[in-house]
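Multiple structures follow.
One chain, subunit A, appears in both complexes that follow, with subunit B as partner in the first and subunit C in the second.
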Partner chain A sequence: MRSLLAANGRMGLEPFLRGGWQALGWVVGETLINVSTVLAMLLLAGRFTGVGPWSSTELFFMVGFVLVSRGLANIFSGRNVLMISRKIGRGQLDHVLVQPIPVWKALAAEGFSPFDLAATLVVGVGTLAWSVTALPRTHDALWFGALLLNVAGSACVIVAYQYLWGALAFWSPRGAEEVNSVSAAVVSDLSAYPLDAAPRAVLSTLVTVVPVGFIGWIPTRELLQTAHGPGVGVLAGPAAALTLAAITFAVFRRGLRRYERYGSGRYSDFGHRR
Partner chain B sequence: MNATEADGTPTSDIVVELADVWKTYHQRQRPESLGETFRSLLRPTMKTIEALKGVSLEVRRGEMVAYAGPNGAGKSTTIKLLSGLMVPDRGSVRALGMSPAADRVEYVRRIAVVFGQRTELWWDHSIGASFRWKKATWGIPDDVYRDMLGQLSEQFELQPIWKTLARELSLGQRMRADLALALLHDPELILLDEPTLGLDVIARERMLDWIKHLNRRDRKTVLITSHNMADLERLDARVVMVHQGSVRFDGGFDDLRATVADRRVMTVSTDVLAAPALQGAELTRSDGTRHEYRFDASRVSVVRLLEELSSTCKVDDIQTSVASIDDVVSEVYQQLEKGTVHDLPAKALR
Partner chain C sequence: MHAFFATMRISAAMPVSDTPFRIIGLGLRVLQFGVLVGIWRSLPADRLAASGLTVSALLTYSALAQAVGPLLNPQTSLTEHIANGSLAVRMLWPMGVVSQFASEMLGAIVPITLVGAAVISGAALLFHVPLTGAGSPSLFVLSLLLAIVVGLAVDFWFALLTVRLGNGIWFVNAIRAACTSVISGALIPLSLMPWHVGRVLQVLPFAAMASGPLRVYTQSSGAATLLASQAAWAIVLWAGVVWWAAKSRDKVVGQGG
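Our next item is the complex of A and B:
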């Protein structure tokens, strides 16, 4: 797996280094786009002392946490691997299936773009590190372990959620591309908001059908509460990630069986390995 | 050393085995009126397309098989089944002793697939980068990679394009790089789906030479599809013709010609603008005083046609030639369409 990641990582680095100014422009653009998705929350946190039960530092913590999670998901799912509906709907899974490795491995390797898609991760790590030091409490190693576990879980929720909606392309290739774009926008727009004040019905939706609550709100809330004492709540995010991953795996596998039966009649190389 | 290595002929070892393979597609029909559109939401109209109807085929190790047929005949479906990309509705697909879809990971390590309209190259990267990527993905050991790259680089003249981005290559260069990339892991079975599609005459000739080389010199088992019969004839391969999802012919090109009698073309230069009608020959083209006829040499002789022609006009020049393979195949298809297949020799038809 390491050589696969190295090979694909290099594929991302080569065009990135082809022009210095282009590379710089890319980094700045990528950073601005990703920061802008959480800018409203950053401004609220900076302008006011907090939102509801959240202090401004805690809000910065949530924003940092979400950016790190999204950054992690991004660097393992570039080149349309996160927007999997495009690969499925355009028949590009054929290219994956002719590789002598399991599908998940081929997709994870192909999506690995640590250089060109690292901006979000870098900004996120900075924000998270600052907010952790600014929080008015000390943290032990166990807490940092829980933080890492939740970051991984949150990244897993993002990927699994995108794949769950993206897998619709096995049944409806054209429509799924639209749905997948909306599902990605929902992650960008809602994952870094404290959802405490949301009505019960909305909240139920945001932790089930559209589980953005498990990307930022629940994991950070539990991590911040855990700082006051031990709590099993920190396992809620990772547990949700595992559950969602299992559902996604089952749906995707079923879709793949369908792909093997019917193939794709609308092959297009648009966006393939570019 | 087995028989193949010794004399370059296929062995009795069956590499590809399709037994009574059926494959059907369901195509949703798009409504024309708004009312139909709403009705189709609840009850969509589906069209059933039978891509393969009981296809059976065996390919021996070291053999080159030209899998021919018009567009929509079922050629690409067969290649997809053999690539492990699809599974049949009914029947069995086995290759290299494995089930392509069920044993996909192990199987694709031993085959190469090239689709003429697709590329495995990385679009915004140099050709060299794509080869290095394949080495890592296929887990090709360093020494094997060096050996294979040396051979392929020489055979396919990769050096001049090695540092060029895939998107900057001509179609001919891209296909050359794609074929070389497909062979990097030294596959046993090579599946080529329309590899000459869109290539100009020179690029096509070279591509065909390489493919022939792969089979003759490197003794690879090759299954190639094309709707261009002239290309396939150049490969001097066993030809399997599919039509509307069924294998209709399996044999050599000479046998195929024989199925539609001894078709000849006669071109005559005369002193008349109106082409004289000749008994037993069909006028196919007229260009001024130059006329082209098609006839069955087994039924009517050139001498007889010439005598008849001389009695009506002055003949300045005459040329005869064997009908092109495309003409032969076109006639076979026409007969198949008309349902007059019983007129063709039964041994050739499946």
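Our next item is the complex of A and C:
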């Protein structure tokens, strides 16, 4: 496993080994693509003293938290591993199944991209570190432990959510690719906003059917205790991550069994991307 | 013009199997709108007033931006056809390149925009968001048409950029998609941006794609200046497209077109 991770990690150096403008273009492009999704929130945090119960610094904390979570998810799920519907629908899951290691290990190794997809994590760590030092209160080791646990939980929510929608490709290869693109857009577009004043119907949706509230808003709200009244606790984010992961695991396993029985539909007469 | 509208009609007939995904995409717009409604209502009123905006105008601005969203960032399939070499076939069509790609794109997004506008209007009523702006609706329509013309020119600029970058289509499109909604003012009004960022963005062509028509509808004054700015950008950008396309002809041919 270690050698597989190392080999995939080295492949991530490819954009940089091209050198010159191509390497610079990759770094700038990757940074722009990822930071632009939180740019609106950063700009609002810079312009106003706060949004509702959130101060500017707390908003920066939320943005940093989300970028770190997304960065972690990207680093361990690069090369279409996060967009699993593509691998399933296009028959590329066969490449994973023929390997003499468990599916999860093969996917984790294949998606490992510590260099080429590190831009989000680097920007996120910087933003998070700055905001923690700027917050008007001190934090103990327990708080930092809770922070790390919640970051891991948020990254898990992102991966599990993408896999839950992506698993639809076992049944509907073409449709799932479209849905998976939209689900990825939901994560990137809506995960770094404070949802305190969102209309009730929208808020309910964002903490259930589309659980992006558990990626940024709820974990950071609990860590910073910005909520008016009782919160749901710092373990709410990781607990939601575990629940979602369990549901995703069950759905994915069921889909995998179907795939093992029928194989990829790509090579049939009406196959997707034949 | 008959060929233009015929292509639009053909393009508008989307496969039935695409309907669920369009509905999901529309749902995302409603959610984003709801999130923005919550944020605008949470902003400190005094700081908002300093930006020359009211909460009411801000809510209308966002409702309109989501309602006509696809028209504020028009994207044709030109880059894909350049990337996979099928532009050569398109050049044999009995229509100009601009005309065929524009009609195809408009045919695909106009029906979605109409349905989306109805759904967002319903959501606006549900969220108690006013839909009536201080500006003139007819001037807004004119401004929206100019925004589409500017947006198409920007799309052609990006397509020619992919030619120059040796077909980096995915990368260019991703950067474009990522940045345009923020720097065009489609997501948040440019006047709400800090450190004079908004003033700089206001003079860029991206502002003519979204911020222009949205301000024409939500502001009571300044429509003439905004329309003139959009018209100027349309002329400059299309003149640039013609010049750059002629200059890139050899490269386009080399890449299959």
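Basically, the second predicted complex is superposed on the first by the 255 of 274 C-alpha atoms of A that agree within 3 Å, B and C clash if a C-alpha of one lies under 4 Å from a C-alpha of the other, contacts with A are read in each partner's own complex, and residues count from 1 in each chain.
The working rule: contacts are C-beta pairs under 8 Å (C-beta built on N, C-alpha and C of every residue); 3 or more make two chains touch, one makes a residue touch a chain.
All of these numbers come straight from a predicted model, not from anything done at the bench.
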Determine, under the contact definition given at the top, whether A:205 touches first (subunit B), second (subunit C), both, or neither.
second
In this superposition, which partner touches a larger number of subunit A residues, subunit B or subunit C?
C
Tell me the contact category for A:14 with respect to subunit B and subunit C: first, second, both or neither.
first
Should A:36 be classified as contacting the first partner (subunit B), the second (subunit C), both, or neither?
second
Touching A:4 in the superposition: subunit B (first), subunit C (second), both, neither?
first
Of the partners subunit B and subunit C, which touch A:118 in the superposed model: first, second, both, neither?
neither
Enumerate the residues of subunit A that count as touching subunit B in its complex and touching subunit C in the other.
none
Given the complex with subunit A, which residues does subunit C contribute to the contact?
17-18, 20-21, 24-25, 28, 30-32, 34-35, 37-39, 41-44, 47, 51, 126-127, 168, 171, 174-175, 178-179, 182, 187-188, 192-195, 197
Which residues of subunit A touch subunit C once you look at their complex with the stated criterion?
25-26, 29, 32-34, 36-37, 39-40, 43-44, 46-52, 174-175, 178-179, 182, 185-186, 189-190, 193-199, 201-203, 205-206, 210
Footprint of subunit A on subunit B - complex, ascending:
25-27, 80, 83-87, 89, 101, 104-106, 108-109, 113, 115, 117-126, 129, 132-133, 135-139
Across the complex, what residues on subunit A touch subunit B?
3-4, 6-8, 10-11, 14-15, 94-95, 97-102, 106, 109, 260-263, 265, 267, 269, 272-274
